[in-house]
């Protein structure tokens, strides 16, 4: 195996596709969106990317078949723009690997003539949030108007700590290669997998690219997490005033 | 020394050998099986594999002679299939090294025309277990029937965290190279060296490959560990009711 | 992108320039000085240095535009010597990277014919200090007299732990390449960003190179930090005797 | 700078020299011996070895001159065998670097035709020891008799954890290159710099190689440490019985 190994699975004919990244990260927001789009829309595996910089492991599927750690690129045919969606269970494990793997992802995007790129992720707020704004960062200020029209917020020098990992590098390296690149980050606590933040990011993406996927699966996961969150809130707040009254009377 | 250095010790004439890996890992299950087979059966050192990715150290043998960190491949002549058994005291220490060293192991296997591969290990249950099931994962679903007949259990998406390290990579990389590869994992607590889990894995391997080795040495080690385990259990449970009665009487 | 990627932004005509480094480090002393000089004097971006050895991230500016992690070299035109000032938000993240990135910085310096080099930083004292001496280390003892005249102190075998990171390597590698290299280290607690230590280092640099920049911005930041420090001191010392009297009377 | 950079300082004419390594390690035993021999005997700097795998730093000498992290090889002319002594303040910081730097050291040894090698170090006992046995490990069992005559003890499979770092690799890699290599390890607590363990190792080395250096400096350091140790022992044991009597009387 080479340092980075791209195993091609199909050669779809795509019309000016948009590259969309959703690897694991804060609140798994990007990963949730990417996987949801691949599952709900008409998609086809294009390539698996393996690398010595991914963790040295396999995952085991429901048929007990092992799959080497890697990332996947699917072609997605939507009512709007054609998509190339990058998803997977891993990011590179070391600095140098992060750069090289991200450059390989961009090579795949260029292979299909993509010139537009969205890196999806979450931005941690440190507390549970009810409204999930979507924050943006761009490779070129000229991209901001269209994104703002789709509901993206731009805040000076945010996120303060920068954007780390694949999303950051696809934006940074992609911009340097001439991509029109943006990072769309759903606000999320940072503590939990957050399907609601994913829905907010998905809504922006659908608006931008003119497609629409069924959201039931994401709603179901959001309901599950909602329950987890409300139980956490109860635990945080302790017994309610009502409980105290009862004890007082007792 | 090269990044990976294979020092050949002999060139045995093997008939369609099966490659069996047992490096250190969970409960040292794989290592126990591999070393037991090498010791009990008719075996011959074929090669030592050294690498910059192994720890920078030597081990010292009973004659005070130093041996550079590495792994060993033995040819084992059994009543059934010929074996190439990989054992040793170390795994690679870094991600990239894991991939490269595992690929070197596969090169050795291919050198002898092996096309079948078993990676042996343990799967942690988190608690002391009396029955040691052997869980399987495969490179190809067609391999499952024969393994199931030999007593291997297949459980959807297990182990949940995937298979990490040499065993995982030999399965993942081996499968991609065309090996019929399987990982056989004995259930074990994960806290202790587990010769009983090793016996369970060995039994499956013997059934699959048609050989039979004396198990006394493994039984002895199992007895030793059994004693350790029972002492641990006593410590966990505290004094028994009987002890308390005695004290009460006193 | 190559392992190290130098993106040239301009090709200024410099007269025997002095290379000045101020990357993040103890008390951010070097970074404060370098950025202050670039902002206050007549400066022009010469090159951005990117590398796989920098963190895998982008920073986001006030216009929400992403900038790939890197370091910047500015040409600065002063009343005295021409300067090439290296500043940025990151150092290399690994050993090997530190050496390679530092050598690339020296390549840039040599590109413009620089033969003199000042690495700026802080030296931690472990306690809050009022007077900020500037300690020096050199590539060649012949450099010490001129530096001592400008107020630099030389102390045998100090800093005891050596000089780590970019400043250390530019001094060590630069000296081996034939640069007249010195490290100027402002004494600082090591706990806080320290604009006063930066002022002390800047004063030495101005004296050595015959230039003078407005210090108001640095004074403002020093005032802010002064307030932080005085609040920290209050917290350390607890309520003053006066406070206790008042409570007693009450 | 290359990955490993050997800066030659002189080309002494040596007669069948013995290579002796003493880099920092357990109790700094090896380092103490190597530096003591270089200081007390008639020695000359042969080469400095620098590497990207050493820490990214300089040390500062008593004249405030910076020295890039590295190791030094001195030629030492003794009444007995000629020596090539390797000493320094650092070991490589990463696995791969450990292997490559150790191989570079062996290149230097071979450059001068050395075929015999002693790696000096300490072996931790975990408690303060009064007698400092010297434990040995060898590349070839034929070397043991002569070492045993010089007072070296050989214990089956000790040290149990193997020999880690430069000493281990020089023994392991050196043996594979055909050196007659031995590791001499002075027993030491492992908690403190131990000049007495160094004296024990030095005595063995002098006996083996037929030389004799003044030991006053090492004795002085041993006395200093002895005082530290006795103070530590007092603190461990608490007030003596005598103290209690006094209090009782009081």
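Lettered A, B, C and D in written order, each chain numbered from 1.
Quick note on the criterion: a residue touches a chain if its C-beta (ideal position, glycine included) is under 8 Å from a C-beta of that chain, and two chains touch if they have at least 3 such contacts.
This structure is a prediction, so every number in the text was calculated from the model and none was measured.
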item	value
Of all other chains, the one whose Cα centre sits farthest from chain C	B
Angular offset of chain A relative to chain C [C-alpha, multiple of 5 degrees]	90
Same or different residue numbers at the chain C/chain D copy interface, by half rule	different
Cα-centroid distance, chain A relative to chain B, in whole angstrom	38
Gap in Å, rounded to a whole number, between the CA centres of chain C and chain B	53
Two or more partner chains touched - positions in chain B	none
Chains grouped in pairs wherever the two touch, ordered by label	A-B, A-C, B-D, C-D
Chain A - residues contacting chain B, complex	1, 3, 7, 52-69, 93-94, 97
Residues of chain D that touch chain B when the two form their complex	92, 95-96, 98-100, 102-103, 136-141, 144, 154-159, 162-166, 168-169, 171-173, 175-176, 181, 183
